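Here chain A shows up in two complexes: once beside chain B, once beside chain C.
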Partner chain A sequence: MFRLEARTSTPAWFNLALPLIAIAVTLVLCSGLIAMAGAGVIEAYGVMLSASLGDSYAITETLVRAAPMIFTGLAVAIAFRAKFWNIGAEGQLLAGAVASCAVGAIPMPGTLAMLLMALAGAAAGAIVALVPVMLRVKFKVDDVVSSLLLNSVIYYALMALIEGPWKDSFSGYPISPPIEDSANFPVLIEGTRLHLGVIVALIVAPLCWFLIARTTLGFRIRVTGENAEAARYGGINVQRVLISTALLSGALAGLAGVGEVGGVHFQVMSDISPGYGYSGIVVAMLARLNPLGVVPAAIFLAAVMTGAEAMSRATGVPAFLSDVIQGTALLAMLVALLFTAYRVRRVGATT
Partner chain B sequence: MAGRPEGGIALPFAVSRIVSEGVPLSAPLIEMRGITKSFGAVKANEAVDLSVAPGEILGLLGENGAGKTTLMNVLFGAYAPDAGEILVEGRPVAIHNSADALAAGIGMVHQHFHLAPRLTVLENLLIGIAGKSGRIDRAGGLARLKEIGRQHGLGLDPDLPVSVLSVGEQQRLEIIKALFRGAKLLILDEPTAVLAPSEVDGLFAALRSMAGQGLGIIFISHKLNEVRALTHRCVVLRHGKVAGRVDHPASTTSAEMAKLMCGHEIVPPTREASTPGAAVLTLDGISTSGHAGTPLRDVSLFVRAGQILGIAGVSGNGQRALADVISGMLPPQAGTMAIAGKTVAQFSPRELQALGLGRIPEDRMTTGLVTNLPLADSMVLPRIGTEAFSRKGLLDPAAIRAFAEAQIKAYDIRCPGPMVRAGALSGGNLQKALLARELAFDPKVLIVSQPTRGLDIGAARFIHEKFLAMRAKGCGIIVIGEDLEELLMLCDRIAVMYEGRIAGTLSSADASVARLGLMMTGAEGHA
Partner chain C sequence: MSAVFEQIFQVGFLAAIIRIATPLAFATLGEMFSERAGVLNLGIEGIMLLSAMAGFTAASLSGSLWLGVLVAVLVGALMGALHALFTVALGLSQHVCGIGVTLFSSGLAYFLYRLIFGQQSVPPSIDGFKPAPIPLFSDIPILGPAVFNQFTLVYLAIIAIPLAAFVLYRTPWGLSVRMVGENPRAADSAGVSVIATRFQAVILGGALMGLAGAFLTMAQFNAFTFGVVSGRGWVAIALVVFGRWDPWRSAGAALLFAFVDALQLRMQASGLGHIPYEAFLMLPFIFTIVAMAFMSRNAVAPSALLKPFRREER
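Right after this comes the complex of A and B.
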């Protein structure tokens, strides 16, 4: 018989090993599904790997997909550090996309346009995140529920916009007018889609780490999240910290939308995000809420998404496998986290 | 529980054993032989032998971290020992979990209760006990509850929800629960830490009655006067080993026992005569509302520089609200407060701290520290925005670390270093850390609640000495406490709280345990 025993300390290597173990377990579990779909497991994973990270073009595609998840992953990681349960990164992303698209459609010099798009997108995301945090701070409304439900509100508001005032008058498709060409983010490597926003994402991640680890705001966020009572007793204005955290988190999620509009789609449509906001939760958990860990975690999920499509084409396994891998990875990580606090001990058979 | 008739609610302990005058005559009920348990490199228990006879109350003494709780967790099946065996009535038994322990007749009352607050007393008793064909045996449970109540004087209304019970009543329910499940041996882990003095007497009477009927009891405590009053025999642990055994606790002095526990003599500190200065903290007509617990009603008090004011009272008479008002957590509804002559305009922890107030909360683990973060973080928490630890919003990790390291050294806080998780420290070391973080900034006034609750003698002595040293330096100190002997030793004046009011204030020369005890029940007022 086995049972869990509380740990007195957690070995340091655990922090690095846990996500890797969780991913390994995920791939093993999902290999059963591949086999059921009638494909070779090794072959299928091989195709996924080569299609996502096999050559330089594949790598740039994976990075382009990783960028929005880096932003949403950071948004979730910072919010969860303060125990502000922001499940609304998806809605905040969409709000950021709409706002940046509106700004990008106005003719003005390119650099100015990109800057204003980023500001508008971040502000829009922040405003959306303000709703659940104010409801929680003022009325003790559960932030999980309010931030989650707000996603649908934002999504349908976006739909109303592109089906109504923004509808393409030539084609009749529910897509917004494109942003100005000058506002398109510059491509960094000729012949790829690797745009400026990807680099910004890679720079913002260490900045977020610095904020959490080295600033007084970061200290207050950490303390508030771990023990709000002790934070209040220690003179920290817990409500203000929660509001700051929500604004920051929403702004980061909003930037994910800005990158998609400015660097990938150049307009807004109903499927601009395939759930990047929700993937951000998986990313943040795999990263154990560490902003630096968000980058590799987002790249992993992006590789799974890019690779799954190629695998589907090559082996006939449905691309939905990518969603299963994401979900399984989250569950595996949550189980793995248990082992930071507990260890399994073998005990003799009970009488 | 398997194999026992009546779904496991029969009464298995042997009432027929001959017990006279509380002295046990028969073979051990429980025997632990050579118990060794290590956590990593730390040997929490090393070759510990211990036995309890039917009808015997055994005291298990030791400082925090001496291995008392580990040993009892081994006995109750929470940990598997690395070596050693456990015998119940002479037969070796394997105890892997609490169900095994209960089946072997071992019941434990933990420091933190395990009760379902929304369920009633009876429902809590019946949790996990299957009646006939899966139905809940309410009638049988009621009969057993009545029987236990009659036998040991442990009455409780079966239909009251647990959430309305007082702490003492909840503890009684835990004891009844253990008896209900057929415990022959009852382990009580620091049961008096949560009780008011009057409740302690009731508990002791019940325990004596149970022992008189053949139960074995292990009483864990580090309050020596209680151990001397209650137990028949004591085992003293130090650093995981048996440091000594006391065969006649009643005729052994507290000093001798303390020496066994600590390994050296403990000299109580003396409160030197002093001339107090001007009032450093004044409360005038403070009333509160909108707060869980008893509100304050027109409370006025003051403490002078170089003076220690004690606040005595049965817990729940407004002490919590008083501590919260003074520490800035609860703005009063009426009345004013002044620190060093300056009237407090805004009640917030930050404002009061800036005025020179130091604070040590009642609950160190939930209010004082952040258990999951490094100790250093908790030590700088109240001053994180100040010049000392940050500049322009950026933390100064070197300064934070240096501060924590200096305090760890100055206060002899036993820990692997400033970056260790605060929750890994023992209660005494946590209290030292909290004291260090306040005293490092020379407060003019210090408000502390239950400063030595749950601490062992050595740690408590250390805290007392620090208070007296601060008093000598001219700090005004308010100590909210329930341990009257501690208050009489430390304080120059003692105010008694009753139902949210100050029932009276005595100078320590006029005060005695008996007189304070009377005032605590509201019987005597004294200005």
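Right after this comes the complex of A and C.
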């Protein structure tokens, strides 16, 4: 018999080892699906790896895809730290995309346009995140359910825009008018899609770490999440902390949408996000809610996504494998996290 | 305007409400059983999708709709067991595990569907369930065609509501479920196995979610699409809160939601063309959020909801 025993302390190397173990377990489990699809496991994973990280162009593509997930991962990590269960990053991202697209379509100097796009997108995301947190604080509505339901509302609002007033009157396609050329985020390396927003994402991550680990607000967020009762007793206004957390989280998710509009698509369409908001949850958990860990976790998921498409073209294994990998990785990570709090002890035969 | 109203409230309207309410009733009852035992199951959205896909595939390959239903129920129960393994046996966060189960199940559903059916411009469809009118009853004016000329699965849902209430309130097992959801420590002292009871309730819940998925692909749409569930699972979770964790009230909440949904469908079809149809599509979701705002303050969730049980910890 085995049984779980509480741990008093966690070795430091666990922080790095756990996500790696979870990823390894995930890849082993998912190899069954590759075999089921009639492809060679080593070959399929090989194609995934070389197509996502094999050369410098592939790496830039992976980074471009990682950027929105860095933002949504940060949004989720910070929210979950305060135990504000924000599952609405998807809707907040879409709101950010719509707002930044509206601003980017107004003719003005490029630098000003980009700045205003970011502000508008962050504000839109924050406003959307305000709904579930206010419903929780004022009406005790479960934030998970309200933020999830809100995703559908925002999605339909976006669809109403691009099939209505924003519809391309020339082609009839449900896509918004493009933003001004001057508002397009500058490309950093000629011949790639590596845009300014990617660098911003890489800078925002350590800033978020600083905020959580070294500032008063960060301290309040952590205490609120760890023990709301103790936080209240210690004079922390828990409701205000939750609202600040939600605004911050929503703004970060909104920035994910800004980057997609300003740096990748230059307009809004119905499939602007292939679930980056939900992937943010996987990223945040793989990072153990640490903003610094969000960057490698997002790059991993981005590599899986870019790699899966190439693998699908080369081997015929459906690219949806990347969705299975995401779900499995999240579950595997949760199980792995168990070992930070418990250790498995062998107990004498039958007691 | 009166023409619009006439079009909305025609004879088929009541039948449409009941048809829309059926998968929601199954899903809501499933989630209710799970939560009454103390386990929030956010995997519901993915479980419904995977069951819908599995049932559709089984029915389409075997030609037997009832075999499809059986497969959907088994897949639902299996995914319920997976969620219970993580949240009950290992005591992991119910929120995050539920999201994990949803991501995993929907990913698996997309993957397997594409693997089996390939990429087709028109999604393959099946000859789904046909209405099975109940003799004599179906001749009752208004109520007859709406309630007694439906799919067999609809009758099953109508029976499931009092049955769920009976099981929950009048059987020893139902008492155990309520005990482990309210006070697992006391249940344990009374000799009730908390772990086993929670497992059973979550698995039963998963099976009911599977039934909901089966209805979508084998009676309502007769095809599987990636958006076949489109938030119905999330809505069911809200309906459980709205129905205060009671089978009758939850089923009533499903009926109320179905009324709003049927209404928006009719409004789309009627002469209100100048309003974008998306405004109607989001109506049921906004309605649910607002309804939760009114209901949640007084809603009393099972005390041990979200709390894992470990015997050795006090």
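One rule holds in what follows: the second predicted complex is superposed on the first by the 350 of 351 C-alpha atoms of A that agree within 3 Å, B and C clash if a C-alpha of one lies under 4 Å from a C-alpha of the other, contacts with A are read in each partner's own complex, and residues count from 1 in each chain.
The definition used in the following text is that a contact is a pair of C-beta atoms (placed from the backbone, for glycine too) under 8 Å apart; a residue touches a chain by one contact, two chains touch by 3 or more.
What you see is a predicted model, and the numbers here were worked out from it, not measured in a lab.
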Chain A as common anchor, with chain B and chain C clashing or fitting: clash
Touched partner set for A:235, first chain B, second chain C, both or neither: first
Partner chain in contact with A:227 - chain B first, chain C second, else both or neither: first
Touching partner for A:36 - first (chain B), second (chain C), both, neither: second
Dominant contact partner of chain A by residue count, chain C or chain B: C
Partner chain(s) touched by A:148 [first = chain B, second = chain C, both, neither]: second
Touching partner for A:219 - first (chain B), second (chain C), both, neither: first
Touching partner for A:160 - first (chain B), second (chain C), both, neither: second
First, second, both or neither for A:171, with chain B first and chain C second: neither
Partner chain in contact with A:345 - chain B first, chain C second, else both or neither: first
Stretch of chain C, among 79-87, 115-123, 187-195 or 241-249, that runs into chain B once the two complexes are superposed: 187-195
Overlap of chain C and chain B interfaces on chain A (superposed complexes): none
Chain A-touching residues of chain B, taken from the complex the two chains share: 39-40, 79-80, 94, 96-97, 99-100, 327-329, 348-350, 353, 359, 361, 366-373, 377-378, 381-382, 384-385, 390, 393-395, 397, 421, 424
Touch list for chain C against partner chain A, complex: 42, 46, 86, 90, 92-93, 95-97, 99-108, 110-111, 114-115, 230-231, 234-235, 237-238, 241, 276, 278-279, 281-282, 285-286, 288-289, 292-294, 296-297, 299, 310, 313
Complex interface listing, chain A residues touching chain B: 1, 3, 5, 8-9, 214-220, 222-223, 226-227, 229-236, 345, 347-348, 350-351
Residues of chain A touching chain C in the complex: 4, 6, 33, 36-37, 85, 87, 131, 135, 139-142, 144-146, 148-153, 156-157, 159-160, 163-164, 278, 281-282, 285, 318, 320-328, 330-331, 334-335, 337-338
